[in-house]
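Heads up, the next two complexes both have subunit A, just with different partners, subunit B and then subunit C.
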Partner chain A sequence: MKEFQYIYPKNSQSVPLILGEYNGKALLYAGGTDALARMKEGINRPEQVVNLKAVEELNYIKEDSDGLNIGATTPLVDIVNSKVAQTYGGLSRAVETVATIQLRNMGTLGGNLCQRPRCWYFRSRHFHCIRKGGDVCFAVSGNNKYHAILGGSSCYIVYPSDVAPMLITLQASVEILGPKGSRMVPLEDFYILPKVDPTRENILQPDEIVTRVFVPKSAKQVKSIYLKFRERDSFDFAMVSVAVSAKVSGNKLSDLKIAMGGVAPVPWRAKKAKMVLNGNTVSDELLKKAGEAELENAEPLEQNEYKITLTKNLLKRAVGELLAL
Partner chain B sequence: MGDSNQKSGMSRRNFIKGLGGGIAGATAIAAKTGKAAQEGPHGAMVVGAGPVKISLLINSKKHELTVDPRTTLLDALRNDLDYTGTKRVCNKGQCGACTVILNGKTILACSMLALDADGASVETIEGLAQGNKLHPLQEAFVKHDAMQCGFCTPGFIMSCVSLLRENNQPTLDEIKNGVAGNLCRCGTYPNIFKAVEDAATTIKKGG
Partner chain C sequence: MTGWKKLNDMTYLGKSYTRVDGPDKVTGRAKYTYDLKFPGMLYGRILRSPHPHAKIISIDASRVVNMPGVKAVLTDIKDEVFFVGDDVAAVAAETEEIANEALLRFKVEYQVLPFTVREEQAMLDDAPKVFSNRDNNIGSTQDRTEGDVEKGFQEADVVVEQTYHINVQVHNPLEVHGCIVKWQDDELYMWDSTQAVHGERSAMARHFKIPENKVHVISHHMGGGFGSKLGMKSFHIICANLAKKAAVPVKLMLDREEQFLAVGNRPSSIQKIKIGAKKDGTLTAFQLDSFGTAGIGGGAGVPQPYIYQFPNYKVNHKDVFINAGAGAPMRAPGHPQANFAMESIMDELAEKLGMDPLELRIKNDPNKTRQQEYLIGAKQFGWDKRLKSGSQKGKIVKGMGLGSGRWSGGGNRETKANVNIYPDGAVDVKIGTQDIGTGARTIVAAVVAEELELDLKDVLPLIGKSDYPWAPASGGSTTTPSISPTVKLAAEKAKNSLIVRVADEWKVTPDQVIYSKKTFTSKDGAQSLSWQEACELLRAPISEMEKWNEGLSDSGTAGCQFVEVEVDKETGHVKVTRMIGVHDCGLVVNMLTTKNQIQGGMIGEIGYVTMENRLLDADTGIMPNADMENYKIPGALEMPDFNITMFDESERGVIGVGEPPAIPGVGAIANAIANAIGAHFYETPITPDKVLMAIQGKEGKS
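Showing the complex of A and B:
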């Protein structure tokens, strides 16, 4: 690891300015569970590391008349245990599926939403892949069991966050702070596909940070659930995950939203499946159609065709469990 | 414990205390102690590169030490302070062998900078036994043969200590969930679960 200066900003407003000071080359650091691993591997070799935890005003969970506000450096464990957050549909339960107790005690919400991909080629300093500024996605002809079946093009990472799909179905937005002020962006629009830019996963500029996540009160009026399929059930990233939220009346779903993890370089909005299911009475036949519609354009690589079946089945199970809630 | 090789540096907390008196005060402290702490851009405080003085309260004993900012809490414990009970296995947050309790919560010492633990209370496996009397969980691990090579054991026990503090009568599923972040390559899980159930009973009886 390269020697670095550890920087304690005095408040959140100063962070974009500090990042700008170092031309975006300083590394933003909070829980460290992802960033430190990348520094050890030599994927990031920063000379300045900005300790966002020093900004205590970014660590909070507060409800107001519009909804739930969670500061970016709030530890994941606090969202799991928060009585208020627990009233926002499946949010706390989804956060509880992230990693392990130790990592949830350390990792932060902002870090979870902005974590870098887990692709083993990206994570290895020996592969100068397209996401690190190279020319090639080594997964295309390499080991691609865990890679994308949807939305891949120049790069086949999958987005690893468990929290993002759930938040997207609850119509959450993120507050982004830059040198000129802050703006709210729907979380759904926060992530970008490789065809837009294969070197980053979201719209953040080098001198911008996420300061807050907002979940509207409407999340309390819908039923929502997050299902995560892991190869090792005790502790793993999702092979495929499905978040669903909807208003439920009998066997009918309305205002349906579906977002999936583990299948695409971004949390994947299953809009085709939604078209089939929304407003209709759910049946096995309809669920089958929904899964087929969503996956009809899937492009599996050599080792991950199983994800098509897995995604269809998990979607079916998630809707079934939502109806039973 | 080997905290004798101190170099000049200053602790982050002292620096922050200095900030209370304004940046001028902080600069004065920085000037007095050399290179470690400086005023950074836009009112920030900067430590490193190079040695920084921190303090850790380990098993209720205060240690002052000087670390490079790159040092993990795990390496500070093992290499600087000889708390070698905490094990370094994967060193990338995947196995749980370096689990310690920091300010009441389990964390992975390999995945935390020592600087981030400055001023914190750290509990390690060395702090559990009272003299020659083992902690009930340690007793139970021995009784139920809950280890083979033993390398993962300190991490498992720290996770279990934390679990039983929060829930003194865990179900089997709760035990499994409590140790989900700890990996035993020898596969002694069934005995570990039995040991935790047994220790829970002992602790409940006040043993």
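Showing the complex of A and C:
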């Protein structure tokens, strides 16, 4: 690892200025569970590392009349254990599926939402892939068992966060702080596909940071669930995951929202499946139709066709479990 | 020489007792090579090839040698690299960080050569050659025949033919490979995470052309090896050369990625098998065409036909070279590969015959011990509750499978040990074995304590140094059957010397002295001395050396395992829920560590069959999953309920049990999955994607 300058920002406002000063080349470091690994592998060789843990004002969980506010550097474990957060549908349970207890102790909510992809070509210093400014996606003709079946184009990463799909179905938004102030953006609009820009996963400008996540009170009025399928139960990213929220009356779903992890370069809004299911009485037949509609245009690579079946099955299971809540 | 006491008369042997170094290990007091530091010590790192095959045209190290903190550089290691991760250059620096940064400053000009990383492709006539001085990529071949295989198939009522692909597994010991080398005058000291202090001493002495008694290899504690730390590797030589050049100690520990690439693996195996049997299940013929790769190394053969008796068989095998790191022995080399294919095809055969898989095995297994183990295991497991393959409805289906194994595991007759009894009553035992995590240190002490009728804590076991009496490498399940008899004999000799001293004191003949439970008494009952008092009679320590002898150990073990799995048909997820092992290893020296070791073997089987997979990128030759995130091994949630029974054959003496438990479950897990979903598997690892596609394929067909 290269030697670097370790910068302690005074407050959150100073962070965008520091980032601007170093032209966005300084590395943000909060829990470090992702950043440290990238530094060790040599994917990032920063001259400056900004210690976000020093910004204590970003570590909080607070509820107000509008909803739940969670600071970006709040450790994931605190969200799991928070009595208040536990009242926001499947949020806490989704956070609990992240990695392992050790990593949840260190990892932060902001870090989880802004983490870089796990694609082994991206993570390896041997491959100068398109996401690192190269020309090709090595997954296309390489080992692509874990890659995207939806939304891929020049790059086939899958977005790894467990928390993002759940938050999106709960209509959460993120507060983005830049040098000129802050703005709120629906989390759904935060992530971008490779066709927009294959070198980044979200809309953050080089001198912007996420400071807060806001979950509206409406999350308490719906049922929601996050279902994660791991190849290895002990510790794994999602092979495929499904987050669902809806108002349930009998076997009927309304206000349905579905977001999926592990299938696309962004948390994937299953809008076609929603069209089939929303407002209708759920049956096995309808669930099958919903899955087929959503995966109709899936483009599996050589080794990940199984994800189509897996996604359909998990979608069916997630809705089934939601109805049983 | 006397034999082992009767099982019931022993305090330690045959019983369970905790490790003597357990508290040191769990508190961190135990120092592994990784933990050691010496004054002035430098950190070595190896620059490794990014290419699967290339000639090194030049290495420009000018920007390395000028780096502050860099103390030694090696650029003359080799001129051709054969796999991604092969040695190119090396550096020793004051800190690990400097050494790592230094690696980025080498400028290497390569002439990139064509390469091959797929066995099938490597075998073709026009494949790129791994070694330019060879005609092709075929290494050693084996042909074995017994009886008349054509006739055997003619006699068969049922014939099954299948091809099995078994992927490469990597050892992944908890402590990665590494050593510290210090030259003192013309003597070489090496602290090494090794399975063979004596083997490394010989190899280093030969390589550096110095007398063996000027090489000292030390391995106090080491974090596992599974066969990948059995001998000298290139990093040992590099480290010693760096230390020589820098004239200070150099520590060179590999990182996890290097472990994946450069220090061994379990070879792949592709086995095309034809098997024939009569209607009643009697096996008539076996034919195998196999190939496999150990990268640029050899040894991908399989001991087929495995376990079951075939009057006629024909086996041919080819080792294939590819541009990947060389294989190394890994826990029961060749056996798990053989087991997977054999047990898989036996289950298919049983299905075709309409026979119970256990019945088919009992009918064709010539081993008397295993015949009994099958019955014990089947009863404990509830084999009679096994359902017809694929017959269950619902999301979660259960499956049962079984498999068998065998191993040799005898002792090494050259083993020597030295037991010392001191005038203050202290006792130690010196033997140049090493504890690779299996409890060797503990059993060395226990055998002496047993023989001297002392407490375990009264005996200091001194192991892990090549300066101690010779013992073999910890491999092939030979450690316990080598060291237990030897240490016992040395302790017996030392005890007899003390008896002679006491007899002298009492002016009686030694046969008039009875020793029991730390007390010496004269036969007439007139005199008595405690252990302590007897030792105080010594003017100098008793120091007795003995050599291994026959009669206290044996070779040859059986073993079988029964496995239950649950398969989630909607996700393809496999959960191994129960594993039952019935094993034998003669006289069990420590029941606790033996069962630990068997359980470890079973965990390894779960990883091998359901997760572990060394991938190589076809376009670049690079291993994309050379890390513990993407190369998956089982964790706590993957653990089934274990139930291990030791089949008592204590009268045979001590036999090794390292490899045997890593074999039977391999085919058993595969067969349990097949039983659950009603589809067989021909490729490892059996991961959720494959299970899901198999279920889909089956449902598509029906």
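FYI, the second predicted complex is superposed on the first by the 325 of 325 C-alpha atoms of A that agree within 3 Å, B and C clash if a C-alpha of one lies under 4 Å from a C-alpha of the other, contacts with A are read in each partner's own complex, and residues count from 1 in each chain.
Note that in this section a residue touches a chain if its C-beta (ideal position, glycine included) is under 8 Å from a C-beta of that chain, and two chains touch if they have at least 3 such contacts.
Since the model is a prediction, treat every value here as computed from it, not as a measurement.
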Using the superposition on chain A described above, determine whether A:Ser124 touches subunit B (first), subunit C (second), both, or neither. second
Considering only the touch criterion stated at the top, classify A:Asn313 as touching first (subunit B), second (subunit C), both, or neither. second
Report for A:Val84: first if it touches subunit B alone, second if subunit C alone, otherwise both or neither. neither
Between subunit B (first) and subunit C (second), which does A:Phe235 come into contact with in this model arrangement: first, second, both, or neither? both
Is A:Val196 touching the first partner subunit B, the second partner subunit C, both, or neither of them? neither
Counting only touches as set out at the top, which of subunit B and subunit C does A:Tyr8 meet: first, second, both, neither? first
So in the superposed three-chain picture, is A:Leu325 touching just subunit B, just subunit C, both, or none of them (first/second/both/neither)? neither
Is A:Met184 touching anything from subunit B or subunit C once the two structures are fitted on A? First, second, both or neither. neither
Overlap of the subunit B and subunit C footprints on subunit A, listed as residue numbers: 1, 3, 234-235
Parts of subunit A lying in touch with subunit B, wherever the complex brings them together: 1, 3-11, 14, 17-18, 21, 32-33, 36-37, 39-40, 47, 49, 51, 53-54, 77, 99-103, 105-106, 234-235
Taking the touch rule as given, give the residues of subunit A at its contact with subunit C in the complex, in rising order. 1-3, 42, 118, 120-121, 123-124, 126-127, 138, 141-143, 145, 229, 231-236, 239, 303-307, 309-310, 313-314, 316-317
What residues on subunit B touch subunit A, complex-wise? 12, 16, 19, 40-50, 52, 68-70, 72, 91-93, 96, 99, 105-108, 111-113, 115-116, 159, 162, 176-178, 180-181, 183
Touching residues (chain side subunit C, partner subunit A) in the complex: 50, 84, 97, 100-101, 104, 570-573, 575, 611, 615, 617-620, 622, 624-625, 627, 629-630, 632, 634-638, 687-690, 692-693, 696
